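I am attaching a structure below and will ask some questions about it afterwards.
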Amino acid sequence: MIVAMQENATEEQIDAVISVMVESGVEVHRTTGEVQTILAAVGATAGLDLAKFGSLPGVLNVHRISSPYKLAGRGFRPEGTVVEFRNGVKIGGKQIAVMAGPCSIESRDQIFETAKRVKAAGGSFLRGGAFKPRSSPYSFQGMGIPGLELMRAAADAYDLLVVSEVMEISQIEPMLPHVDCFQVGARNMQNFNLLRELGQTRKPVLLKRGMAATLEELLLSAEYILSGGNYNVILCERGIRTFETATRNTMDISAIPVTKKLTHLPMVADPSHGTGRRDMVAPLAKASVAAGADAILIEVHPNADKAASDAAQTLFLDQFEKLMGEMKAIATAVGRSL
Amino acid sequence: MIVAMQENATEEQIDAVISVMVESGVEVHRTTGEVQTILAAVGATAGLDLAKFGSLPGVLNVHRISSPYKLAGRGFRPEGTVVEFRNGVKIGGKQIAVMAGPCSIESRDQIFETAKRVKAAGGSFLRGGAFKPRSSPYSFQGMGIPGLELMRAAADAYDLLVVSEVMEISQIEPMLPHVDCFQVGARNMQNFNLLRELGQTRKPVLLKRGMAATLEELLLSAEYILSGGNYNVILCERGIRTFETATRNTMDISAIPVTKKLTHLPMVADPSHGTGRRDMVAPLAKASVAAGADAILIEVHPNADKAASDAAQTLFLDQFEKLMGEMKAIATAVGRSL
Amino acid sequence: MIVAMQENATEEQIDAVISVMVESGVEVHRTTGEVQTILAAVGATAGLDLAKFGSLPGVLNVHRISSPYKLAGRGFRPEGTVVEFRNGVKIGGKQIAVMAGPCSIESRDQIFETAKRVKAAGGSFLRGGAFKPRSSPYSFQGMGIPGLELMRAAADAYDLLVVSEVMEISQIEPMLPHVDCFQVGARNMQNFNLLRELGQTRKPVLLKRGMAATLEELLLSAEYILSGGNYNVILCERGIRTFETATRNTMDISAIPVTKKLTHLPMVADPSHGTGRRDMVAPLAKASVAAGADAILIEVHPNADKAASDAAQTLFLDQFEKLMGEMKAIATAVGRSL
Amino acid sequence: MIVAMQENATEEQIDAVISVMVESGVEVHRTTGEVQTILAAVGATAGLDLAKFGSLPGVLNVHRISSPYKLAGRGFRPEGTVVEFRNGVKIGGKQIAVMAGPCSIESRDQIFETAKRVKAAGGSFLRGGAFKPRSSPYSFQGMGIPGLELMRAAADAYDLLVVSEVMEISQIEPMLPHVDCFQVGARNMQNFNLLRELGQTRKPVLLKRGMAATLEELLLSAEYILSGGNYNVILCERGIRTFETATRNTMDISAIPVTKKLTHLPMVADPSHGTGRRDMVAPLAKASVAAGADAILIEVHPNADKAASDAAQTLFLDQFEKLMGEMKAIATAVGRSL
């Protein structure tokens, strides 16, 4: 942390700032320039509340020099993290994984039909939501654990892995036997109690970026899970909220290569939520592969138009199969496989 | 809901859309124009997923005509809701209430000193956080229930009401004896399970707008609480995330008069989080009163510079006292009291 | 400017960065820490392109320490700028000025009726647009210079000053005899050639914030005018673009007190464009006065519903008169007059 | 346009709305439902100011049904526009074009060296700015017409086309002999007078999206040029402003496929401005090709670190050559060439 003092800051003000810095547990290096004094914090700066220093009398501005996360930083594991699942499937390596399935688990037929087609097309994960609290209290709210049991059976029948969203600490335990990867949704990205509990498990966690979260905040949330000892964290870009209304969200494709610089964790792209529009899923899925995504997460449904939730952004299974071929060609073009 | 078909939509496409509408439980009124066919949904449209219709073949665009919330709508209670507390204090009437206190409860001295001064200056609520999961896992995390007990004691000593944030369903029960009003933070605005549980209590709930939430989404979240039978909901504007970085958030003052049009629920302004800067709290607090806020929520601390959290946006107690006088003058100017 | 090097930066990389800094015309102070080297630029840093340094090998991040504008900075004129007009009206002093009039000048009757009522209610400026290129090429495009002549006559008849928008360098000369203050619209805030030319005049300029401009960018644009020797610059907040769609723009009321800290220039509020909704103009105008605005700019029209442009946000004259009384009461409450 | 009346709207209010609609030149179709009356405008709705109707008494909300642009709409030319240049190069066909060059023209050596390498790598356009008004009045401001003459000579020497930014009406005439394509920068996207004049030329125009412009606004700006009879308009995505600060702008890759649906005009991607970071240009360029861009616009410079402007986002020539190979592979994967 660098604290730049105002040109006319007094010695008393400078001393007061130094004293607050020291009380916060850091050492202070002072540089007295002709016009301005600059104070650099040295030591344990990760937990410092920068804004606190910005409001002290005589302070001009405050800058973070080192990143506020440690375990999530690229420097912690420069070679990159590869998350390996029990059947040998990996996320973060040369091969790009595909996770597909409906927004909500609705019925045995729906989930088995989906599993069969996802597997046949080359997917390795079955996704589907069991708990679906929605913006409106008057919408469909999900099948719960029985839904997860159906999805587990379908996945096992076709040798797929299961990824499903956990929304509360109390769901972790009952979900454990049914899922291979917990998904934390965008709305829970800063549910720190939930993250901390997931850090106590050793099950991989797919952590979605909040719709108004910066990439730094996403990595701070990952740090919560990592700091509990669970290193199997996978990040996911799923669109951010901007002024543009032509798509439900604005998918931030640059988040994929930017996170590769900042962190060692794998990065997944979700073009279904990223765009909110069925006709935009394929171009953005292809763009994600081209930009370096480690996996692609897509909503598919045998009868997409009538899906109980997220119908507008869900692909029909034949659209998904066609897209798989297109993504494979791009994966090859960027030196990977899918 | 209005579904506008494309100019070249076929009769088959139109019939298919009508059929999906009917299956969704609404009646359809069809208007066949010279260039375009328009389908209007009549009936129970509140739970409809509009995006679903936008992706059907032949559809040009879809518009919501009636609001997606019912109990929260102005029409449900045109005279406005006044939330009354056990000591007779009201929010939503002519008098503007003031809620003040530290971000985090830190010690007995801190909270008693704050309570004494808040009461003396004319405040009616003591605020303070007991559970403080923060963006960084390396920051202070709160005192928990013992903190709440201290705050309850301090509030009782000075005849103040207590408002404090609830972050999980499991905290509702233990918090009940200590608080007069639950606060739901911005990050939990769409934690629908929590909202649903709070709807089962009869304790007032102060619901903060999420930092990327539209006002419509805020009202849909309020609807979750109301639909459980708890009508004591108070909304709160606390700043939204925009591209501007001069303030931590951009306080959307227009949200105050806009919600007055849309809903009968009272609206509170939080200029501390709204700006994130101590020197901006007073002007924005005054602006909030001028714009029609029903209460003002402010972070204060006897030793603001050294507060364990949110120090940058916390007022010293003498700054708070000065601001109370200024807000009173503006309240009078707009025909209210404080 | 502070350049923080990566922990593992080599001496060659550090030397290369120092060399680019020196070539850019600044002196370099080097601090070699245990883990990290920090390079501080001293001297003429205002024109430095910070991003350029961020992309050099071995650089972790770059921070601006001193502000990129000089003449616009608070320190240049700590007592604040008061812009005085030929009839003695001032902007930036204790009295708050009111500027009112239609979006577009439409007819003699319209502008004279407006002028009479604006003056009677206590306004001191007549506003109105003569050149109206609009988003759609199929909308009304303005009366041009004949419109300005009408507005000048109306203003003179009622002892009002004239403020009107200039959109191109070629309009400056013909507008000069008709206006007392040039307005630069939000879309032209970064039309630097226009700003430079206006800097050559000695006529006051009201500079509106662009709808996606940071306050720092607004001040950099003001710097263009000031650096030509024209010190009569007045800033204006008129709403920024965010994700919220309930209002046309989100009026950033905090911009008023924030700019008071950053600059000596007066700050005007435009709640008409700030909200885009007639029913929101009054509450936001009052909030602006409470937050410290030096003048209020409002669209009014004798027949607001049928105005040729901006009808939705234009007040009827009797609404304006009522609002003037309310704003006066708030001005008094904050120790000013109107 | 659809105007939905409030449930309790009176017959007088409904008649008043109908009367304003008729005066605006449209026919009105009225649907009287059990709870609500809906008024549909039929006829010339393109120039209607929707907001105007939203503020009339008794109106609940207003929706646009048909698009506000005509010539730019996909329906006007369903087969798509291919812009052909004098040497046979096309934009909008199966082949993807590449435009590359420095931000600013700086010297004969710089621009000839760039031209040689761009041509050799397979580019077909040389780009470079002659007029460079910058955010700070203290930065480099461009070489002007002599710079354009240099660029023309370099382009001719290597059989390249020239694209360069026009910033004012007065520059059109002197630029005509030197450029093959005018570029309109993001800040001028709504400089409607400039657009109108460019509509009078028959020279292709590359129109960049404003950093806070919706895609609808981009198409309305294109409509200005088209309505003058100049059909050679090429759109360009170059990043929008959001809350994320890891990149200078957030490149909206979804804008590429979305505009393909809305308009017949070709779409170019500018990953240099889209990201503002040299290390992000390649992944976003590849993503743009995968998403369907018709051309890629890239800043390159023989000595990128020391470029007079935009250094941070400018590629070295060998980085550009490597990227060309990668983009070719992706173009093939999506069935196109480059």
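Note that the chains take the letters A, B, C and D in the order they are written out, and that residue 1 is the start of every chain.
Here is the rule we use: a residue touches a chain if its C-beta (ideal position, glycine included) is under 8 Å from a C-beta of that chain, and two chains touch if they have at least 3 such contacts.
Remember, it's a predicted structure, so these values are computed and weren't measured experimentally.
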Chain of greatest Cα-centre distance to subunit B: D
Pair of chains joined by more contacts [C-beta pairs], A-C or A-B: A-B
Intercentroid distance (Cα basis), subunit D paired with subunit A, Å: 31
Inter-chain centre distance, subunit A versus subunit B - centres from mean C-alpha coordinates, in Å: 26
Distance from the mean Cα position of subunit C to that of subunit A, given in whole angstrom: 39
Sites on subunit C at which at least two other chains make contact: 212, 241-243, 245, 279
Of subunit A, residues touching subunit C in the complex: 2, 4, 7, 29, 31, 33-36, 38, 40, 42, 60-61, 63, 65-66, 75, 241-243, 245
Touching residues (chain side subunit C, partner subunit D) in the complex: 20, 23, 46-47, 49, 51-52, 54-56, 68-69, 133-139, 167-170, 187-188, 190-193, 196, 210-212, 217, 220-221, 223-224, 227, 241, 248, 276-279, 305-307, 309, 311-313
Contacting residues of subunit D [partner subunit A, same complex]: 212, 214-216, 240, 242-247, 250-258, 261-262, 274-275, 279-280, 283-284, 286-292, 326, 329-330, 332-334
